[in-house]
Amino acid sequence: MRRMSLPPGAPRRTEIEVAVEVRYAETDQMGVVHHANYLVWFELARTRLCRETGYPYADIEQLGYLLMVVGARLRYRGGAHYGDQVTISAQLAKLGSRGMTFAYRVRRGETLLAEGETDHLWVERQTRRPCSIPAPLKEPFARLAGSSG
Amino acid sequence: MRRMSLPPGAPRRTEIEVAVEVRYAETDQMGVVHHANYLVWFELARTRLCRETGYPYADIEQLGYLLMVVGARLRYRGGAHYGDQVTISAQLAKLGSRGMTFAYRVRRGETLLAEGETDHLWVERQTRRPCSIPAPLKEPFARLAGSSG
Amino acid sequence: MRRMSLPPGAPRRTEIEVAVEVRYAETDQMGVVHHANYLVWFELARTRLCRETGYPYADIEQLGYLLMVVGARLRYRGGAHYGDQVTISAQLAKLGSRGMTFAYRVRRGETLLAEGETDHLWVERQTRRPCSIPAPLKEPFARLAGSSG
Amino acid sequence: MRRMSLPPGAPRRTEIEVAVEVRYAETDQMGVVHHANYLVWFELARTRLCRETGYPYADIEQLGYLLMVVGARLRYRGGAHYGDQVTISAQLAKLGSRGMTFAYRVRRGETLLAEGETDHLWVERQTRRPCSIPAPLKEPFARLAGSSG
């Protein structure tokens, strides 16, 4: 996991990277990683990114909130193969009062394999009703988005 | 699987439906089906739809062609639960000379759970190079799209 | 789903069968269904078998109990391919006071593809502590096992 | 990944360890990792172990051979949770002329979560016929097993 360095003083959007080794089970008979697994990789990167707020996602769920996925868009550029080392980068692309959008890139070395976004809404865990971003998370997520310089 | 009935003579876009029972393994700790599984369901419906051409997708691969996924968009409207009976409908939304776009809806009874599209390009299996739609498949897929009424 | 017919009057062990169509995502680069998916199929068949008790597994969880998997054994005899229609049969092989063992077979037509067993213990959902079979389930599961003729 | 240290001179069975972070998609509605995923983790560890021979498994497949899974046994001791760091250790437990058995342990810190074995047979990739261990792999795998001190 590495953070991008940006000019000091500038509002910084945090970007993290996670590395995974492609698992045999992730391939399909086409010989490349099945396209559904990219959503699983995105989620792994999102998990790491959220951890940067100081509120790991597991803790957020225990606070009584869920960050429900309401949309996803993926663009596939190349295949990942069994045993490949790939890196998934994630950043908070858009922060709203009731949800947010994350953006991702999957690379093998310099080769872009896929990119995409996922849209999320805050919901109360018990009721599954949409809600505003929980107060204690407001500032940490704003920092992720680089919107509170 | 059922086909939509349309006025005779009109160009008909074929729509098929497949029913699945939600598997325990498809749920996640949120208690609903993990969002990546919808791509797997879309694919199952796409498989059935392609079968309507008379060329099951497995045969297409053996002919030496692959219908590579290059894009996917999903919009989630509600959660599917373990044991639910859901239906996935698929149709060929857009047919090009080198690829196509399928559209899907996932429903539990009358409730829409998710909808989305996937974009595909024809590639030669050996070279993985993009190619035009294989000649014998042209007319069958045009029929699916309802474009050769 | 079909039930095996046995001589009337004999203690009957219930056996059910479920049919699945092999999904593309279930294959791996070897061109056959990845071996982990058989556990998912076993579970699907177990779900159907439990439903025969009149207490679908989803209801059992809502009663406050879980049937935790504590062991699994699989023997693979042949590969399943994309698009194959396979059937998974399940029966309750061994019924104890605190758990049970289910047995499974996966077939394509007459060809046996895999067989196996899974071991389960009853646990209280809240505490995750092992417990005895919940009283209302005793008789229904005994009937499944054919042990209360 | 670490290798166990053993008295010098003794025949050494290689043991490797891989670390994984539990993915959200790996959990099920019970709130723990779905039991089928342990086979995926075993495979990941087996991949790393095979790499110790100097013949990564991807290369073995390209040589024209597959190490087909013919059996698996799992014993579950405890649940793994989303975000947990778990380690999977693998070793070659039994080496035969036509196949082998690997043994695995999954741990979170000192807590054993699961253990198991998988049985494999060598097959020719084209024909899918069982065969003897490919000549160039004999010695490297014997070294893994610690049988050629």
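Which chain is which? They are A, B, C and D, in the order written, and residues in each are numbered from 1.
Criterion: contacts are C-beta pairs under 8 Å (C-beta built on N, C-alpha and C of every residue); 3 or more make two chains touch, one makes a residue touch a chain.
A quick note: this is a predicted structure, and the numbers were derived from the prediction, not measured.
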Next on the checklist: Half is the threshold here, strictly exceeded: which of B-C, C-D or A-C has more than half of its contact pairs identical to A-B by residue number?
Outcome noted: C-D
Checklist outcome for this item: Larger contact count among A-D and B-D belongs to A-D
Checklist outcome for this item: dist(centroid_CA(chain A), centroid_CA(chain D)) in Å evaluates to 30
Checklist outcome for this item: Per the C-alpha centroid definition, the whole-Å distance linking chain B and chain D comes out as 36
Checklist entry - Counting only residues that touch at least 2 other chains, which ones in chain A make the list? => result 24-25, 29-30, 36, 39-40, 43, 82
Checklist entry - In the complex formed with chain A, which residues of chain D make contact? => result 21, 23-25, 39-40, 43-44, 47, 56-58, 81-83
Item to check | Residues on chain D engaged by chain C in the complex (per definition of touch) | outcome: 29-30, 35-37, 39-40, 43, 61, 66, 68-76, 79, 128
Checklist entry - Can you name the residues of chain D that touch chain B in the complex? => result 24-25, 27-32, 34, 36, 82
